Every structure is written in structure tokens, then in C-alpha cells.
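When the chains are written out, they are named A, B, C and D in that same order, and each has its own residue count from 1.
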Amino acid sequence: MLPEVDLSVEISGLRFKNPVLTASGTFGYGLEFADFFDISELGGFCTKGLSLHPMKGNAPGRIAETPSGMLNAIGLENVGVDCFIAEKLPLLEGFDCLVIANIFGKTIEEFVALTEKLNPHPKVAAYELNISCPNIKEGGVQFGHDPEMTHRVVQAVSSVSEKPVWVKLSPNVTDITVFARACEQAGADAITLVNTFVGMVVDVHKKRPMLSNTTGGLSGPAIRPLAVRLVYQTVQAVDIPVIGIGGISTVRDALEFLIVGARAVQVGTANFVDPSAAARIVEGLREHCVKEGVSDIDDIIGSFRPIEEGDFVYY
Amino acid sequence: MLPEVDLSVEISGLRFKNPVLTASGTFGYGLEFADFFDISELGGFCTKGLSLHPMKGNAPGRIAETPSGMLNAIGLENVGVDCFIAEKLPLLEGFDCLVIANIFGKTIEEFVALTEKLNPHPKVAAYELNISCPNIKEGGVQFGHDPEMTHRVVQAVSSVSEKPVWVKLSPNVTDITVFARACEQAGADAITLVNTFVGMVVDVHKKRPMLSNTTGGLSGPAIRPLAVRLVYQTVQAVDIPVIGIGGISTVRDALEFLIVGARAVQVGTANFVDPSAAARIVEGLREHCVKEGVSDIDDIIGSFRPIEEGDFVYY
Amino acid sequence: MVSIKVPVVENRQYPYDSFILAVRAPEIAQSVLPGQFVMVAVADRGAAPVPLLKRALAVYSVHPEDGQPSIVTFLVKIVGEGTRRLNSVRTGEYLDLVGTLGNGFDLNRGKGKINLLVVGGTGIASVYLLAEKWYRWGEEVHLVYGGKSADHLIGLADFKKLGIPVFVTTEDGSLGYQGLVTQGFQEYSSKVPTEHINLCTCGPNAMMEAVTVVARSQEIPCQISVESKMACGFGVCLGCAVKTLDSYRLACTHGPVFDGASFVWESDSAR
Amino acid sequence: MVSIKVPVVENRQYPYDSFILAVRAPEIAQSVLPGQFVMVAVADRGAAPVPLLKRALAVYSVHPEDGQPSIVTFLVKIVGEGTRRLNSVRTGEYLDLVGTLGNGFDLNRGKGKINLLVVGGTGIASVYLLAEKWYRWGEEVHLVYGGKSADHLIGLADFKKLGIPVFVTTEDGSLGYQGLVTQGFQEYSSKVPTEHINLCTCGPNAMMEAVTVVARSQEIPCQISVESKMACGFGVCLGCAVKTLDSYRLACTHGPVFDGASFVWESDSAR
């Protein structure tokens, strides 16, 4: 028998049975993974981004593979919030795992309307505001690249929300802490980051972009070092919890984020590479704690030992 | 016999025999590669960043490998400009390849002093101002993350420079075009980008950063899609030439940058992986032109066909 | 749908960068329908494998062991890094599979018809199970199979062994009719009353596009098995969208088999 | 210094994730000095290989073919992705090498001395050529070699075959003295007048640190062969810096062999 390990974490008043969630847009509406593992094993999952009205997404040429990563420009194809409530949410009732509704609007009003529509549904545990999608013209980084706009949309949603409000930040900015602080001041309950980095791949024979949207968002292991640093920086800048995302495929990767202070992690692209990746990471975290003699995951979160003046490191 | 292909490109009044250069900090002072290929085959190379005084660089723990990339925090160790002039430059006389002096200062005055010291030396063909090093406290991104400061340092150097002034931009900004335009307005003759992206790797056993500097700059194939997009964006924002850098390992990679409009490319991390990488790319470009029936590389530069409204792409 | 690690039992090389991989995967072998596919990667690739994503491969054929369907084969052409790595696996090594995926061909459409399979190159991988099934059902099946040269026509013998009529085209004339498979198709279809033809096609986009254009003009029902870049293969990334007259559809779950009549090709928008 | 593609002529597996790779590389075989190393990767790894960088490996031994030095061996322990991939190469496959690199041991220091090689684990790879050379010169050479258990002591037989005295330590006592190699070293050195000892050490940092601390206190001259993460191996990335009393030095060009007296260990700053 393995010793008991308490993997549970508290974030914005919610208790997650473990700090492993799955990232929006990489886990469908949760149901698609039921063949691979019991999704009740997860701390929680974030739905595909939901909009007020269904969206058909971008034209083909939506993904391209890159070294240790992939670009996507799905264009936020989704069934729309009404269909989600009517058709998807009821099917999620049976699962013992917190559901975070990832939402985005083209205007502040749309964000507010989405929140109001989802408020009555207890299976939705929290909102994750996507103000950082690089692949749509309106409502994406238009909010996420302007601290003023960030503040306004977060404040508007927070004021009507009956659930915790998480804000998902864009990494494509000069100083992430400005945005994190804007969220905190506007009443956000947690920060999630990172969303994808803007990139592009050219078909050198056709001399055209591989994506119909020209550019797309880079995700996967390639971005992990960038994401870890942004999470580390953000943890130090705000008091609200930070949830780390970016290229997590293994328990080692998840630990990087937890050690620098992320209260939980989200697994994204790895779900495509190995559909059981998130469940594997939950298991791996438990084993890691046992091996390190840690009985509570909270002892790992933020356990980072900064370099002090004059320190140097051989490995 | 292969048909003749004109690979030469003109940048800021200089003619390069081909558009393949090597990137600062990855090619030493040029001499270290003589065992591997004749560096006269290159269009040119950029020296390791030169400062007014020798610098000893950061403490050990300077590099870490990441998926399809590496982090470095060398801390701009270099012999200093005087030693470069006295000991390195004379040895470069024999090579038929343009030498770009990559320079950086902690203050505008230092940038100016470096320029004045190098002005009398004809073997130095141009300056590349590094205002984008993420690994030093003063003089790096302090200039490169503030358009106002960028403008001032570029203007100061341009006003004393007797050679073309290239400016190397940081990719860690919200809008690269703001910086590119600041350079252009301040009199820069060309833009080079990208320098490295800030990232971090954690040793999950020691719970410490792998780098003594905590963070470092990410380079290598992982960043290529990000770099291609930034180069594409910059080409459209300014009239001065743009030189593309970031994760180039093969001729295909180089073509991506040239197609979106880079007038030349620089090969960086790939020099470590395969010391003949740059020479291989020169040869590959020639073969590519022959195969595509192109007699002048200028016909490839900027040949990108943008996606038009309603277009979509199957591959 | 399962995610499993399976042993390679054979890796047979063919000319022109083609190979047939056989794996022991009873879970897939017992359920696969003609036209379905599997996402495949070399197993134990480490934390950040290159290439990162699995590759979509049609199930080419299924073989029994101890009287039970057990062995699944893939017929693959090396086109890039992913297929190159698959080509290097040896007997006893393992693959990671996610499958079985996709809709597969509509088998009922073939009843009482002259089923014409028009195939270019590696497209052959998607139609062998189909030919076999219809042949077993006693339906009429014909194969028009084109490639660059005789040596490019991997799998030809398997179809001949089934006993179905095969019309071969090669670009260099080294076997059969000299020309493109699309020409072969027109040649062949002109001899049959079009109202009896049920067409299934798989191959390069340009070829399938040409075939569907002819099929549409002659009102021949036509199923096409399309390829699209896929990250997941099971409907969650939404990356594999293709265009149909109604809407975007996912190649992995709504396809890979679509009705040629309603599929929108790149140049259709120009027409 | 050359950058070459060379064939693997043998890959022999040993217990505990160790293996010896032999390649045909006359360019290296003819010039390598004891303590030098080579940057190594599996060849033809594609455009964006994982891992990206080559790996530093000491040349373990050199063997003739047709009377000329030709075969070079590496003694390797699997610790991560790079060494794992190297472990999977088979005879006939190719490696990319850049070498020969580094300074190597100062051979003259060994003349007329009791040359004591204190080695932990895979550190053994760096000292076989050294032992061989001094032995051939007729110098006195002793090996103190420690590992977890008898099975961990790869290469032991090669040293025994040379005929040099070997003092073995194992943590589990399965062979020789039970304890750490540093204890073995103290045990052993206590029997010889320290002014005659010339020490060379290679192994894990913690072990070499302990050895240098003793050496310093007893004023025994001590060369250490250190490991540092390397991107290039030939002095251009400046990534492999280590700390010495004077300044930072590059492990790849100024080292990998340093004088223990002036090398600064992580905990030296605390002392």
C-alpha cells in the first residue's frame, strides 16, 4: 500500500482533488476522453472556449506541426453556450471532477451575457475568461494586449459572476505582470497562463502559409521554458493563485510549474499525443510525493529555491 | 555543371555573396570554424557581442537543453573591443566574407564609444546593435523594451557611425513593429531579429533553476515559427531590410524567412549541432534555386503569397 | 476507441520508400471497418518526441491468429519525419496506437452495383478491406490503380489474389495503360453504364479532385477518402476540418470518407 | 578537429544501463590524447532532432585495424534521452562526431610518480587511455575504482588486463572494500608517501570534490576531469564555463581536465 498523499489544492474557494486539469480546446467537452480514462480522476477540466453563438471556426489549414510543438488556428469553433448548456452539461453531471467553463466574447457585453447564462448551472464551477486567443480578429488579444481593456472586461464579469473568475492571459506581451495585476485589481480570483504564442509556418513550395489564418498559436513542449518563466514571474507579482499551462507532457514538467508556485497545472497538447497523459501525470505526482516523502502537495507548490548572489550551479 | 545562380543580396549598401550569415554568439570570432569549412563561403558573420571592456559572463549553470531548443545565459562574456581589434580582427583579414560587429553597451555613451573604436577598421563591414540581450541587467532589454530608448541609442550610434547600423530586436515584446519603426526613424540601416525568447528550466529535484541567472534565452528550432511570424510582420512595417534569425537548421528553414521577405538569414544554434550547418545551407540554397529554375535569389525573397479572403488550404 | 501499445510483427520494405508494417492488435483487428484509420507513433519516444504528433494511417489489411482477427497491417509511404521513423522500427519493437477512428466507407451503397475503386499511389491502403468485404459479399468490385511505374504499385498482388479485375495505369507505361489514373478511370468507366457505377476513390488530392469532377458531371455516386493534417484523430482538436457544401466537417470523425458530391476542393471556390 | 559521420562496429550492453559503443573513426583514433572527448549524436536525425545537442563522451579506448589506430570506443551510461538514443544504435548505423576535443591529462606530471587514478562509476571512461599510456611508458599506475556493486564496475577487466594494480570499492560490499571510493582512496593513499602520489580523478562531482578536498589538505597534486553541460564542445557557445580561482574557464577547451588545487566547487564558496 502506498502511503496516503494529499494531492488536493484549493483555488479561488474551490477544492480540486488534485492539481491536474486539462486545458481548454484540447479536451473537447470532456466526454471524448471517457474511452481512455475515468475523467473523475482529474482535478478538473476546462471546456472548449464557449461563445454566445455557435462559431464555425476558421477555414481548413487549421494546424501545422513544428519542432516539439504545433500551431493551431482553429478560430474558436464551438457549439455555442446554449447548446453547451442543453446538450453537453447534463452529460457531465455524473463525473466527479470540476468543470471550468472557458468563455470568450467579442465585446464586454458578450462576456457578461455568457456569465449570466452559465451562472444558474451548478456543474460549472468557475469561469476561465479567454482574453488571449491569437486566432480571432475580435475579442481575443484585443482585450488581452491592453491592460485597460483587460481590467474592464474582468471587472464587468466579476461583478455579475456567481462563481470564481479565472482569467487566461496571453504570453505575447512585453510584461505579463502588468496584465496579471490588472486582473487582480479588477477582481479576478485566479490567473491562468499561458495561452499560445503567435507563430507561423510557410510552405516553401507553395510559398503560402500552412494555416488559412496565416498565423496560429504555438503550443506543446517547445513553449514550456517560456511558460515556466512567465508563471514564475506572475506568481511573484500577484497574490491570487496562478495556474500554469504550457507544454506539460510528464510529471516532471508539471512539477516545474508547481515548484515555481503554480497552484495547479493544465495539460493541453499532450492530450493529443497521448490521450491518457493527464491521468498519467496525476498518478506520477502521487508517486513523486511518495518517493520524496511529501504527504501534501502544498509542500511542493512554491518550494522553489531562488539563486542567491554569488551562487552558481554545476549539474 | 550546375547553372549559375546569383545568390548575392544587397543590404544597407553592402553586397553579400549569399544571404547566409552566422548569428552572434554562436560563431565565436569566426576563426573557430575554420577546421570545418572555409568561412569565405558565408555571406558574412556576426561576431560574439563586444563590449567596451572585457566581460567575464555569468556564473556556471549557463545553458540548459529544452525540447528542440536550448536556453543560454552566457551573460555576454567577451574579450572586449580592444582585444578584438588587436587580436581577432587581424586574423580575419584573409577571409572573403563580411564581418558584422555585434556590439552592446550599458549606456548610450558606451554604444557610441564602441562605434568610434571600430569605425577606423575596414574589415568591420557593419554594426549590429544588440539591444535585446535578455541575460544582463543593464544595457540589454533596458533599451530593447522601450521604443523611446531604442530610438535614442540607434540615433546616437547612427550619428557617429561610418558604417551601416543594424539593430537586433528583442522578440519579447507585445508589438515588434513599434520597435522596428523606432529604429527606422532613428536612422537604422537594417533590422535583425530575433534575439532569444526569455525562458527558464527548473531542476525538479534540487528545486532550483538550471541556470545561475535563473532565466535564459531560448533559441533553436523550437522558436522558428515564432521568429518567422515576427520577421513577416516586421517586413511589412518598415522599408529598411530585415534579416531573419531563429531556429534555422536547414535550407527549408532559411527559405521560410526569405520567402516572407527577410533579405538574409543568420544561422545560430544550428552551428553547435552541426558545425557545417551554415555552409550546408548556402549549398542547399543554390540547389533549391536550380531545382526551382530561379536564377536570382532576389526572386525568392518576399515571394510569399498571402491568403486572401475565402482562401483555404489543403495539404 | 482504445489507446494501446502493440508489438511490430513484421516490417517489409518495398521499392520507392514504401513499407508494410504488421502489428499485433486484436482490439483493432476485431472492430475495424473498411476505410477506418488509426493514429500511430513509435512507442517510448520520450517526453518531447519529434515528431510530436501521431500519424494517421489507414488499416490496410487484417489477418487472423489462432482463428481470431489479430494482426493489422499498414501500408505506408515515407514522406517526412514521422513516416521515416515508423519505417525504422523492427520486429519486436512497439508502436503506440489510438483507434479505431473515422467513419469508413458506406458499405450499403455498394450493394448491387459495379463498385469501382479508383486509387492513386498509397491511397491503396484505404481500400483493400473495402474490396475484400464487397468481394466476400459477392458484390462486383473493380480496381483502377495508378502509379508512376510498375514498381510503385504496392499491394497490387493482394488485389489480384482476391480475384477482382484490376486495371493498371502507370505514368511511364511500365505496366498497363500509360497515363494518369484519372485517364484510366475515364477509359474504364466509359465501358460501363454510369448508372450502375458506385465509385470510391483515394489518392492525392489533385487526383481525387479530378475524379470527383468527372463523377459529379456524370452523376456517379462517389465516396472519397480524404487526408487532412490531424493532431488528435478523435474529434477534440478540431484541427482536421475540411470544407463541405454545408459546413466545415472534421476529417477524423465525420470522415475521412466524404461524399464527393458535397465536398469542396480548393479550386472549387474558383470555379 | 573534424566533423565526421562514422559507422558503429559494435554496441555491447552491460548491466545497469551501461554500454560500450565502438565506431570506426581513424581521424580520431590517430590523434586522441588521454582525457580528450568527442561530441556524439546518432546520425541522420532529421531537421529538428530531439535531443537537439550532441553529447560529450570521453574516448575510452582505441584499437587498431590493419595495424593503424582506427576503432574508437565510448563507455556510456544511460542517464537521459541522449544517451538512451545512443544506446539504441546498432552495428552498421552511423554516428555524427565532432572531435577530438579538450585538453586531456598532463602526462608529464606522471613521470616518476605513483600515479593514482581515483574513479567513480562512468568516470572510468576518461582514464583508460591514461592508464595505458603511463603503463606503456613504464610509469607506476594504480586504479582505485568504486561503484555501487561489482556489476557496476564496467571496464574493470580491461584495467586488470593491463596489469596495473586495482583497488576496488563497492557500496554493497559485493566486491573489494565495502564503502565509497573516497574512503578507498584514503585507505589506499595512506599507505604511500603522499609526496610521491600524482592523483587523477574522474567521477560524480560530489566524489571528485571530496577527493580534491583531501588532495588539497595533503598537498597531493590532483588533476580532475570535470563534466559540464556543453552545447558545442569546441569553445564557441561559452556555455560550459566552470569556476576556477582565477576566472571562469571553458570545460570544453580549457578542460575537461583541471588542476584540483584551483578548481572551485559549488560548496567551496560556502567554506
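By our rule, contacts are C-beta pairs under 8 Å (C-beta built on N, C-alpha and C of every residue); 3 or more make two chains touch, one makes a residue touch a chain.
All of these numbers come straight from a predicted model, not from anything done at the bench.
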Taking subunit D out of the count, group the remaining chains by whether they are connected through touching.
one piece
Sort out for me whether A-C or B-C is joined by the greater number of C-beta contact pairs.
A-C
Rounded Å distance between subunit C and subunit D, as computed from the means of their C-alpha atoms
53
Measuring from the mean C-alpha position of subunit B to the mean C-alpha position of subunit C, what distance in angstrom results?
45
CA centroid of subunit B to CA centroid of subunit D, Å:
36
Contacts with two or more other chains, residues of subunit D listed in rising order
47-50, 228-229, 242-243
Residue ranges of subunit A touching at least 2 other chains are 59-60, 64, 67-69, 220-222, 247, 252, 310-315
Pairwise touch network: line, ring, star, complete, or other
complete
Taking the complex as given, what residues does subunit A use to touch subunit B?
59-61, 64, 66-69, 71, 145, 172-175, 197-204, 206-215, 218, 220-226, 228-229, 232, 247, 252, 255-256, 259-260, 303-307, 310-315
Residue ranges of subunit A in contact with subunit D within the complex
67-68, 310-315
Write out the stretch or stretches of subunit C touching subunit B in their complex.
47-48, 50, 205, 226, 228-229, 242-243, 265-266, 269
Footprint of subunit A on subunit C - complex, ascending
1-3, 41, 47-54, 96, 98, 228-232, 234-243, 247-248
Hey, which residues of subunit D end up touching subunit C in the complex?
46-50, 81, 84
